[in-house]
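Each of the next two complexes has chain A plus one more chain, namely chain B in the first and chain C in the second.
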Partner chain A sequence: MSVEVGTELPEQVFRITRADLVRYAGASGDFNPIHWNERVATAVGLPGVIAHGMFTMALAGRAVTAWTGDPAAVVEYQVRFGRPVVVPDDDEGAELTVRGKVGALLDDGRARVDLTVTSEGEKVLSLARAVVRLP
Partner chain B sequence: MTLDRELVGRSYPPSAVYEVGRAKIAEFATAVGAPDPVHLDADAARAAGHPDVIAPPTFAVVISLEAAFVVLSDPEVGLDYSRVVHGEQRFLHHRPIRAGDRLVATTTIDAARTVAGNDLLTARVELATEDGEAVCTATSMLVARGEQGTT
Partner chain C sequence: MSVEVGTELPEQVFRITRADLVRYAGASGDFNPIHWNERVATAVGLPGVIAHGMFTMALAGRAVTAWTGDPAAVVEYQVRFGRPVVVPDDDEGAELTVRGKVGALLDDGRARVDLTVTSEGEKVLSLARAVVRLP
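After this line comes the complex of A and B, so read on.
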């Protein structure tokens, strides 16, 4: 794979439904009701049920592992949680778009990938970046 | 309230051992839709050079977030749990987490400051095997929104 600064990762689009949030709650152990209970979410001032930030982070990470082809190549991964992803109670759910490009080539055959993660056109993660070992 | 800078550097006793299971890795990988066979199939993982199935890059949170929350139960930290949101997360993988790992989490407060009425606390969780092999450094920034906070 020929990689240079500016190389773009294939764009990935994910759909997040309420069922996905319930499944992630069980798998991760994060049962905060704002991720599955509309009544609780609106009572604390949210527009509705929101996705776990860590679920959004995991999906965004899939754009990186799909590109490297090897999940073990991800050496470092960080995000700042900006805006919540509101997940409506319907079959379509919310859409998450992940774009990425190589921001820097580092030593030891590693590269830094900078991610842009949006939902409904708004950035939901900021400072989202991964350091990967190139094959 | 204002976070006390004296908290920086405070460490908590190591957690109980968390034994990483193949079924838990498969459950997590399925929940995040990670399709790679190295998460699900021990033979595929071995063919890729791993002793057993490996976890997706954010799996460490299953262990680390609960470990980071020890700071919330520290009365001297005094963060209001009901106002806490997850601000930032970072994983530094020393090697992939894999089935069969027996991991111990040790939490340290790396930073504590108050900005615009919000308390920001950074908890670093070192995940290591029982034998002391470093596996993952998981750093969480927790934000407790103040009464006049803007977050």
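After this line comes the complex of A and C, so read on.
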């Protein structure tokens, strides 16, 4: 593919339901009830049940691996956790939209991809970038 | 807690089995067969079935959240994926050892935690650090 600064990645939209969070809890071993119990979540001042930050980060990363084709092409990945993703108690859950574009071409055939990750129009990761090896 | 540069986090040792990878595949939606099928993994040149990089990253992050107590205290997190974690086909699976220490005290009561993440003695993340808010 021809990649230059400004090249945009295909936008990816994910849906996160509470069932996904329960599955993620089981897979990750992080059973913090703020990720599955509304009562506990609101008691600690959250607007509701929120997604695991690492789950949000993983989904955002999938927009990059979907673009590179090869997950192993992602050599570096970082985020700053901004705002939690609140997951309503219904079948639709929360929407997570991941946009990305190439922010810089680096040495050794690598590029920096800058991601914009939003849920319901609000930015949830305030810095999210990956370094990928271009094919 | 009293935190200074050099303060060490309690070491955490995780075990990753192939069953964990299947659960992570289901939770993350990343069903790439290199994470559950030995034949496919070796056909593409890997030494065997390997853990999802984001799963390794998530486990390493748990050593930080276990230390801070509050997962929301982690404001930033980055890794460089170095070497894959190879997961044998047995009940023990792979071992993942996470060590960390405070590398710098930052402004606004934050600290940078530098992690050393190894499996079977080999470093698997070549750069792994988190920025945390201290209590």
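The rule is simple: the second predicted complex is superposed on the first by the 135 of 135 C-alpha atoms of A that agree within 3 Å, B and C clash if a C-alpha of one lies under 4 Å from a C-alpha of the other, contacts with A are read in each partner's own complex, and residues count from 1 in each chain.
Assume contacts are C-beta pairs under 8 Å (C-beta built on N, C-alpha and C of every residue); 3 or more make two chains touch, one makes a residue touch a chain.
A quick note: this is a predicted structure, and the numbers were derived from the prediction, not measured.
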| item | value |
| --- | --- |
| Chain B versus chain C as contact partner of A:Gly26, first or second or both or neither | both |
| Contacts of A:Met57 with chain B and chain C, given as first, second, both or neither | both |
| A:Trp36 touches, of chain B and chain C: first, second, both or neither? | neither |
| Chain B versus chain C as contact partner of A:Trp67, first or second or both or neither | neither |
| Contacts of A:Phe81 with chain B and chain C, given as first, second, both or neither | both |
| Set intersection of chain A contacts, chain C complex versus chain B complex | 20, 23-24, 26-30, 53-55, 57-59, 61-62, 65, 71-72, 74-81, 127 |
| Contact set on chain A toward chain B in their complex | 14, 20, 23-24, 26-30, 53-55, 57-59, 61-62, 64-65, 70-72, 74-81, 127, 130 |
| Contact set on chain B toward chain A in their complex | 24, 27-28, 30-34, 36, 38-39, 48, 50, 54, 56-58, 61-62, 65-66, 85-93, 96, 141 |
| Complex interface listing, chain C residues touching chain A | 20, 23-24, 26-30, 32, 53-55, 57-59, 61-62, 65, 71-72, 74-81, 84, 127, 131 |
